[in-house]
């Protein structure tokens, strides 16, 4: 459904992605592991159009999307949950959610339905619906960021290190959310440094190093034999 | 004492009209980081279009509506053609671009309407006794209208789909785009709103000071001082600052000539930049 | 093609003698958060010391303290026997502690030679303004030597802006070297580089390490294991472990922390 083929991305003169090839099938959870600085976030940012690839192709449901504007990509079904969450701090929780709801073709009824569904999954957000986004705790902001992405009714969600800086209890909650999304048929590209979570939640895993994919395998294989992971992520 | 009270009224009236200009300017800066040096000339153009409409129809309110609409459309076109390509470039580029636009607009106004000043007749005539002066009703009316428009802007931003879009884009343009908000369209909309408010100010100011091709500069200058003092991108701050600066100038003109009273505004600008560069009316940044 | 595993043996002179760099209980607090918490390390002369740790471990904060960019909340930094805690960056640089950033020190409009000569000048002739720059033969010679050691000998008259990314990174190191440092701090020198460029940088560092003490923050473990004599592992602002590459690789706790198991 989403495919990157030999993607090269630069930040100025800095050559970050040296030919990344990745694909995510419909409804699949694909993990992207790698140490700091290998280009995982850059890969996501290239997909959502925040940075234009210098070379290579990106296709979504068969059509090329490299060079499309971020707001167009959001509207065709690609949602992004960035590493620093980027909650609209001065908007209330419900206004934050609303930014994903004011799309063409969404009736009021469907809007209410989506909000109800998300409030049911995240009761704490319902509780805080009129509070400014900036007053939420780190874990709550992460939930809001994911809930906000769900408002786009996406076909794929790009999650950038959702568990970073969160307490273990919250990490477990994130795992549940990922599994719930998976059950709903949403594809997920999960960038993480947390290995156990990724092994647990993913169907397939890519491992990146220095701007390229070095290894890919079904998660089951890597669960059974973690030596490859140790090689690329350990010390 | 009466003099002070009269100047207070003057300051409030001028302040509200200035707030109309400044809030458009601060919105434009807040959302697309554009320092619009042509903003005062939009005021001027609005005044001329309003005067021309008044000339043919004789209806002040129609002139106001037409001026706001025409300049809004013009502003949108300007943003799309001149400013959109410059998005993300360094601020000096947009300053030069809008400065160039300002010159073009001034020359256009001379070409279109000739070098003479225009006058717009007051829709509300008559005066009332304010202490020892006969104070024109019109000015109070204009101030109330300006306040109403600003109130409308507030409501528009707070409720409604576009309000959320605008506020989200102001806070985080990139995340807003990632949420499907058509950021280029939002930029155009905000510029159009800012232009419309500027045009309205020009029409309101018409009966008070006339409409001349060079009036834009004074408005731009004062609007900038207000925006800096109020905090760039801070809507509430710029409204408060507009009233504050206008009051200051009004009081100063008790002591010196009105032309020199503008010095008070500059002093305020320097004080703000020295001590609270993010704006006097902005809570201290953490 | 991999970097040779196993660290080179530490130079004989580093055994014994006072450390070139020592921190005592270095702590940095931002509000309630301790970015560094009681970090005490000692780096002997001539060593290549790598500082590693997962995201948010405090590596940048640590370097920022050393180089005078950030003032620590408490603790001391001793360099070459002197207390440099809280000294501003330019004073720290004068004492012989240089830092190589990710290309922020390059003057793009100047030639490669000029970039390095200006850096060398800061050490030797800082105050004389009247002589023509071409007459500083010793500076130009020194600059050429430095450029040779960073592999830019054939690009001396090239404008810095025209260099490739990898060459600019090497120039950056050259600029730091021109200040005749005793300790060179390298901040993620191979970030964003291809495998080939990484290997070239590692070779460069090995070459210049002969007369220098080096501290390096890196994420690339091959680079770290191949270059470092000793490694300090930071985690949540504290020293988690210290040792030779072999010791660190065998350290289960370090693996745990990296793999979050």
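Order of writing sets the chain letters: A, B and C. Residues in each chain are counted from 1.
Just so we're on the same page, a residue touches a chain if its C-beta (ideal position, glycine included) is under 8 Å from a C-beta of that chain, and two chains touch if they have at least 3 such contacts.
Note that the structure is predicted; figures quoted are calculated from it, not measured.
K.L.:
What chain is most central when centres are computed from CA atoms?
P.N.:
Located nearest the centre of all protein C-alpha atoms is chain A.
K.L.:
Work out the mean Cα position per chain and let me know which chain is farthest from chain A.
P.N.:
Using the mean of the C-alpha atoms as each chain's centre, the farthest one from chain A is B.
K.L.:
Between chain A and chain C, what is the gap in Å from one C-alpha centre to the other?
P.N.:
35
K.L.:
Please tell me the distance, in whole Å, between the geometric centres of chain A and chain B computed from their C-alpha atoms.
P.N.:
42
K.L.:
If you average the CA atoms of chain B and of chain C, how far apart do the two points sit, in angstrom?
P.N.:
53
K.L.:
For the complex, which residues does chain B have touching chain A?
P.N.:
Chain B residues touching chain A: 161, 164-165, 167-168, 171-172, 174-184.
K.L.:
So in the complex, which bits of chain C are touching chain A?
P.N.:
Against chain A, the touching part of chain C is residues 52, 54-56, 102, 164-165, 168, 188, 191-195, 198, 219-221, 233, 248-249, 251, 254-255, 258-261.
K.L.:
For chain A, which residues count as touching chain B in their complex?
P.N.:
48, 50, 69-71, 74-75, 79-80, 82, 86, 88-91, 95, 98-100, 102-103, 148, 152
K.L.:
Which residues of chain A touch chain C once you look at their complex with the stated criterion?
P.N.:
Going through chain A, the ones touching chain C are 11, 13-16, 18, 35-38, 164-165, 193-197, 210-211, 229-230, 233-235.
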